[in-house]
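Chain naming follows the written order as A, B, C, D and E, and within any one chain the residues start at number 1.
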Amino acid sequence: MKMLGSRRVGASQVVRPKSTIFWILRWAAILATLAFFSFPTVWLLSISFKPPIEWMAFPPTLVPRNPTFDNYVVLFRPELPKGTAGAMLRVTEPVTKSFVNSFIIVPVATFISVVCGFLAAYAVTRFRVGGAFMPFFVLTTRMFPPAAFAVPLLLYYRWLRLIDTPIGLIVIYAGFTLAFSLWMTKGFIEGVPRHVEEAAILDGASPWRVLFTITLPLVKGGLAATTLFVFILNWTEFLYALIFTSTRSITVPVQLSHYVGAVGRFYGPQAALGVVASIPVVALGYMIQKYLVTGFSFGLLKR
Amino acid sequence: MASVEVKNVKKTFGKVVALNRLSFKIEDAELFGLLAPPGAGKTTVLRIIAGLERPEEGEVLIGGHVVNDVPPQLRDVAMVFEDVALYPHLTGFENIAYPLRLRKLPRSEIERRVKETAKLLHVEHLLGRKPNTFSGGERRRVAIARALVRRPRVLLLDQPFTDLDAKIRQEMTAELKKLQTDVKQTMVLATHDFEEAMIADRIAIMHNGEIQQIAPPREVYDRPATTFVAEFVGSPAMNLFECRVETRQGGTQFLHDGFTFTLIGRYLPGVSKVVLGIRPEKIVHVEGGPVRAQVEVIQVLGEEGIVDLKLPDGTRFKWLVGEQELHMLDRGMELPFVFPSTELHFYDGETGVRLCLFDKGNEEE
Amino acid sequence: MENKLGPERNVLLSLKGVHKEFNGFVAVNRIDLDVYEGEFLCFLGPSGCGKTTTLRMIAGLETPTDGEIYLKGQRITHMPPQQRNIGFVFQNYALFWHMTVYDNLAFGLRIRRLSPKEIDRRIREVAERFELTDVLRKKATYLDLSSMQRVALARAILIEPYLLLLDEPLNNIRPGLRELMRADLKRMQRDLGCTMIYVTHDQEEAMTLGDRILVMNEGRVEQIGSPLEIYQQPVNLFVAGFIGRPPMNLIPVQYEVTAEQAWVVWKGYRWSVNSVKEQVEKSKPERGLVLGIRPEHVRLSPEGLGIPALVEVVQPLGRKDILVLKIEDTLLQAVVYGGAKVREGAIIWVEVPLRDAHLFSADTGRAVAHGIG
Amino acid sequence: MVCFHGDEGALMIKEKGKFKRATSSIGSIANLLNRESVFKIMLVTPMQLLLSFLLVPPFAIVIYLALVNWQPIFGSWTEAPFVGVSNFVRLFSDRQFFWALARTVVIVAISVSFQFILGMALALLFNREFHGKKVCVSVILYPMMLPWVVVGFIFYLLFLDHGPVNYVISSVFGPGATVSWFSSSVTALVAIILADIWQWTPFMFLMSYSALGAVPKELREAAMTLGANLWQIFRYVTFPTIKPVVLIALIIRALECFKIFDLIFIMTRGGPGVSTESMSLYIYRMGFRYGQLSFAAAVAIVVLVAISLVARIGVRPLLKEEL
Amino acid sequence: MTWRKWVLGLVLAGLGFLALADPVAERALAGLRELMNAGVIRPGQTFRIMIHSGQRGQLAPAVEELSRLTGLKIELVVIGYEADIYNKAMHEAIVRSGDYDLFLTFCNWIGDMAEAGLIVPLDSWIKKYDPEIHTGPNAYVKPLDLFTTQYGGHYYALGMDNDALVLFYRKDLLEDPNEQAVFEARYGRPLRLPETWEEFDLITEFFDRPEQGLRGAHLYLTRQFAYTSWAPRFIAKGGIYFDPLTMDPRIDTPEGVEALKEVLALQKHMFPETYTGDWSAAYTFFPEGKVFWTIAWASLGHWASDPETSKIAGKVGFAQLPGEYHEGELYRATPHVVGWSLSVSRYGKAPEAAYLIAQWLNSPSVSAQCITRTGTLDPFRLNHFKDPNLLAAYGPALGPVLLLNAEQSFPDISLRGANEYLDVLNLNLNAAAAGLLTPEEALSQTARAWQEITDRLGRGRQIESWQQEILRYPRHIRELWVKLGKVPPELAGL
């Protein structure tokens, strides 16, 4: 029998040193990647610890020469620091209110979004309610550019007197993150064997009971991932907050934009606020990291 | 405990007819086997009995009452699913206790019953653990315990031992049989493995949504009602040969491309084509036998061997031989065989239905 | 192409002290093995015994920690799989499910830059043999399991490998079909005359398919031999217990010597083992022996003769029944043929023909004697 | 032996007595709440309420607005004059609209394709085990979680004329080589796109990475034994296998990127001129800066319809295949 | 009984002192008290003022004091970007939430806000509470009252700011004899404060020394304020935004193009931040000594003179903007840009009370105190220029220059749609600065857009408004227009 591969077997032994070069290249690539993804944030952190004189210093330094916490202090007590920075920073306002707002609006909206999304996803997955149309339709809501949708919403909200109220933002946030809630939980619910639920039905459990004592505990992890992911989306949302808040319910990103646009170049406090505003989400992000993979694949990876 | 009756049940999925006017009755405390190849609708039957699917036509009766409109929660039917379906987030104990908790039994009572059932199925050591630490066999046991703990009127077992390895499967099957004798529970065992089904009191064999035969296991094996059953039950499967039949003076002649032989004094009236069946273990190698075949492949199974034989026309069939004869065989040998007339099965060439031989042919007059 | 078993044939592949560790766990423990050209060799063992790892090392998908692998006399231990020209059929077939059957089959040939015409010719030829002509245009995802298996096989064969490795390819297939496919495979191997190594944990499969069987356990080779050898002369308790369905009954027994007579004793029953006394003595029998008897060798005897046993379960299998017998507190399985009329709960009498029995050392597990008296 | 409510009466709902007591918790199932049809409806009701509350009236309003001519400075919007399709006519003759559209498409195209290539490359780089991989993946993933506003601000800082990027350039290529990033359309867009790439490559990475992880090892090994080299394996086996997931990721990213607002708003506000203005910023400027809400409504309708069409043509068949 | 009398006496004495010092503030407080007595407002009621973040430092103490004095709760709502104030205010016009009582906005937006029904005319209240607003020693600097308070013949706002631009320069460099000698040698003319833009450009070029870290100038070409560098040259050359009869844009005329080319020619002597950054760039570079001169709001003088915020404190000079010679006569045109003014929301809880709060903040004494603090509000009343604290903060030299500049300042476009007109102009000029458009294109595109806006808003009404607005331009500009035939004499109000 003629062997097609004979010329290949005759080939020389594998050259081992090649792998060392690969190893070096690979680690170079990995380190470059890490540098690329971490440098911008490191820079932000660096600025947030610099005194005003160093904000714009050229050549710039990565490590602050005279590190200071003033930038963080003024976020919450603008009247505190004295001197040059103090004088410039008097024009800012404490960020406490926006944090309080965000910590009310975002969790509530997230909760509503995930509950509605989860229940609907359950109906879609288990009973095919709405067929293929409904989940798709819900996904399209995610595609509306906020700027476009804000136009009519503004008039509608004015009629409902919902502008600049936490409830108004909660409804918007809950509504526009529904798509993710639905699609992510859908992926997780699909991972629950139908038979486990049917076993419970045959054991005599009512549909609600099945949902709450069997399905819910089983998708707990996924639900946590969804919740926290939606939390991130809501926490970082900017445009709706910019348009639909003014005095009472501004959120952290809007506050941030006030700082960014404020008089003078307050890079230090602006950076500090950026850092503070990112901490909750990044922390939560790490908590859900292992679920993100399954959550983002919308159940497509299970085949 | 209760009897179950399925009357004229029809179920279609899209255009596929899964169940075509199915009827059978399961007696109280019977172990009923439902044997069919995968995809033949066994699971659908169980799900219809459980109430998880609605039949399009026909009725399901449990304990003599029509339950078509009773939701599954109220039917008091338990089912062990093919994939076991234990509650992954609950411990062994909580899994078994779940149906009891739903019924709001007192704590002490629940504990007593769970322990009792666990003992019956030898799973006491699993009560404190989560299902993901169980082995395949252990999962089945716990699942059965969960189904049994509330003594349902009917216990449905959907291919309960499929993915277990052969050794454990055989063990579990034997145990299930013993359990059934002990607890006298109405059980339906659906499986595609005839060896598993053989422990049942009666077996129903399904094919294409229809029932082919309902009979005790031995009868199913000895007198398969159709060619399908004949081929499906037994390992290695029964050899089937399509033959033309000619009724001759004094007997019936069977004409196959690979052989021809005559049965003296037996008649098959009214058919011209039959399917002739013989189990591989019943074939006898005799010098001067009418069927000559060539040895193709020899597969040794310890004490016995399966020999693939080839007829002159290329038709292949199997022969099960003992150890002694096995040694004498070699590839390429041509051997004569006899199909003993008492071991032959006859089926209508068109419909595949079992035929009876008559000692006297009708044409004789 | 007719192949004969025998040592005169060429060694195609040999493993010399091949050893594999994963983070300190020894998966394969210094295996030596020669595989002959045209042979059908089965690796048999429980899951996790290292058989698949061995196979993967032969294919080049894993690198041995130690030892060398030679193919046609050439050292290939570190050669990448692409250059080995060894076919591999995976347990789940690993078909490229986004491709048609045709593209799957053509994959290896296209890599080898054969002309499309030549590729087409070869595929048609193989498709014919494997009865795949009708499904060539189908996407691999939509095939049934048996076709998938054939595609996987055909794909591996098309590159005309020196050696074909199969990793439990029949695992997912239902019982009835499995037997058919098994026979097909065997016939095909005979026809093509190619060398195959077949990994399985199903002893029946190994028995029916292999020219030789290599029984592995915990990374070690327990026994290599022809199916009958392995069935009739298991070298130790592991092999004895692993081969045969239902498994061999293994009964711990005492060894006694009285007045030149050697006995094994169990629950007041005693059997003479004079004929194998020499071997038995060598194995330090004072630590105990294990009597092995296959269920199919357990005989029913007329009432009053032999050992009385309670029938716990009768498990009919058609042409034979498996009986689970209880003798005092010991369970014993027996196979009876031809529909014996045994009822559950009855007392029957059985005898254990020593001619078919095996003796093992309880201490080392090694076989002491096969067939006594 | 365990036994309860095992009598024949247990099946009959109508029958009183024992059965009712034994299954009192289940007995209430007979009432509405637990009937399957009711259950189904109740599951979707919260979502439907929320969505119809949020979507239906605004849709009515946006259509009305687009058909009238109204700006806040004209007084009450309910009395605005009906102008038919003239808002749409004006839209289709507005070059800035088309520029904004084209610009957005360009941003999406460049940004998403870079994200795809980089994400895929990274996924391949990380598709094998090595020490410290978990930490590396964490580092790669975090930009995705930052608020857009923060990302915009960070990149604004980086690309300032006296910022670190220019510093690096000047120290490598000399002071003359520095670029005033926000001074021209192209360089400003580069900065914006870089920011977007920085923030969202992790997403593509995450999707590709998880998809790659789900490709059965055997597929690649099978290709190996058939003689395929690394590139051939990727090209013919790995990539086609993960294609559906990657496509979904691409579509999601494209649709999200099309909405790009925050980054530009923070970094350039659309400037210089309108040269970095995206669709969202254009709508924002027209609707909210200039108060031309009618015109903005017309733009909104066109954009919504266009996106739905794109989604319908591009996304739905894909989803359907996967569903 | 007796201590009550004592307390009453003290309060009255305090009020009397205030009244003596500032009748405007006193009347405002009295008015608020009256409203409270009448039950229109109650103690503890919240009043919100929308302000820009740059003003918080200036207004917060005053607001606190007023809260203390009245028992009302007065809050400042800070908006980050000044352009967003327009959006937010117009939102309120749509939304009518009643959340705001006062808006501190660009004065050229009051037209839009009034037309949108957002703010109420103040005429009657001014008559009632502050009849001498435009007279006496505390009056507004002329003609700021016209720019910052009125629209369509009604009072709609109270001015809070004087935003006539000022030329800030490095006195130490300009007056350095060495430099003067070198300059004279090179250009054949003396180095002195420029009279014309041509001179300005030469000096800019002269002092542009990038290698020493000093750039020639910092002129705004930003997205928001690009027109502030172009308009003074354009107007001084005799340009006019619109034709007074047809409302056709007249910016793409030779004057306009020429003015823009001049500005753009200076770009090579400036940091790119002039058009990539925002207005605060000047507030960074100039006090750091990185640019030779800049044209900005008076508050920059304040920043640059404060040793705490500036490296060049004491070295800052203040000057008028240059002009152009027409037939031997120098015409200077100083843009009045922004001009924060307080207007009263129609939807607030108590507009009259809100007006009174505004009046209190706007009153001579309180506003002087506010402006003394660092921020973006600048002296706009005559008394401010006599306030010792304020003068100390700004430096003695700034006051007279500011007054001088204000006199010849011209307003931003303040028509209905002013925001849109100006934004379009800005973004095109900004684009031209970035080199995306040629000067001609930038101006002609603006002109086209302006035509469209005018048509949309109603040409007839716009013409009427524009003719009104022409009258607000300083007399010498109007004379120039008439002289050049841009405006018919009968419309020039001469």
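The rule is simple: a contact is a pair of C-beta atoms (placed from the backbone, for glycine too) under 8 Å apart; a residue touches a chain by one contact, two chains touch by 3 or more.
It should be emphasised that the depicted structure is a prediction, and the values quoted were computed from it without experimental measurement.
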Inquiry  = Comparing the two chain pairs, does C-D have more C-beta contacts than A-D, or is it the other way round?
reply    = A-D
Request  = Report the chain whose mean Cα position is at the greatest distance from that of chain B.
outcome  = E
Task = Could you give the separation in Å between the centres of chain A and chain B, each centre being the mean of its C-alpha atoms?
result = 55
Ask   = Could you state the distance in Å from the CA-based centre of chain D to that of chain E?
value = 42
Query = In whole angstrom, what separates the CA-based centres of chain B and chain D?
reply = 53
Query = Multi-chain contacts in chain E: which residues touch at least two other chains?
reply = 91, 94
Remark   = Touching two or more other chains in chain D are residues 23, 25-26, 29, 36, 77, 227, 288, 293
Task = Could you tell me which residues belong to chain A and also touch two or more other chains?
result = 5, 8, 56, 154-155, 204, 206, 243, 257, 260
Ask   = Which residues, counting only chain A, touch chain E once they are in their complex?
value = 56, 83-84, 87-88, 90-93, 154-155, 157-158, 161, 163-164, 243, 246-248, 257-265
Request  = Could you pull out which chain D residues touch chain A in their complex?
outcome  = 23, 25-26, 28-29, 33-34, 36, 39-40, 42-44, 46-47, 50-51, 53-55, 57-62, 65, 77, 122, 125-126, 136-158, 160, 162-164, 167, 171, 198, 202-203, 206-207, 209-211, 213-214, 227, 244-245, 248-249, 255-256, 258-259, 261-262, 265-266, 279-281, 283-284, 287-288, 293, 296-297, 299-300, 303-304, 307-308, 311, 315-316, 319-320, 322-323
Ask   = Mind pulling up the chain D residues that touch chain E in the complex?
value = 69, 72-75, 77, 161, 180-185, 269-275, 285, 288-293
Request  = Enumerate the contact residues on chain E facing chain A in the complex.
outcome  = 48, 50, 52-57, 60, 75-81, 84, 88, 91-92, 94-97, 99-100, 278, 280, 283-284, 306, 308-309, 374-376
Ask   = Okay, in this complex, where on chain C does chain D touch?
value = 59-61, 80-88, 90-92, 94-99, 107-108, 111-112, 155-156, 159
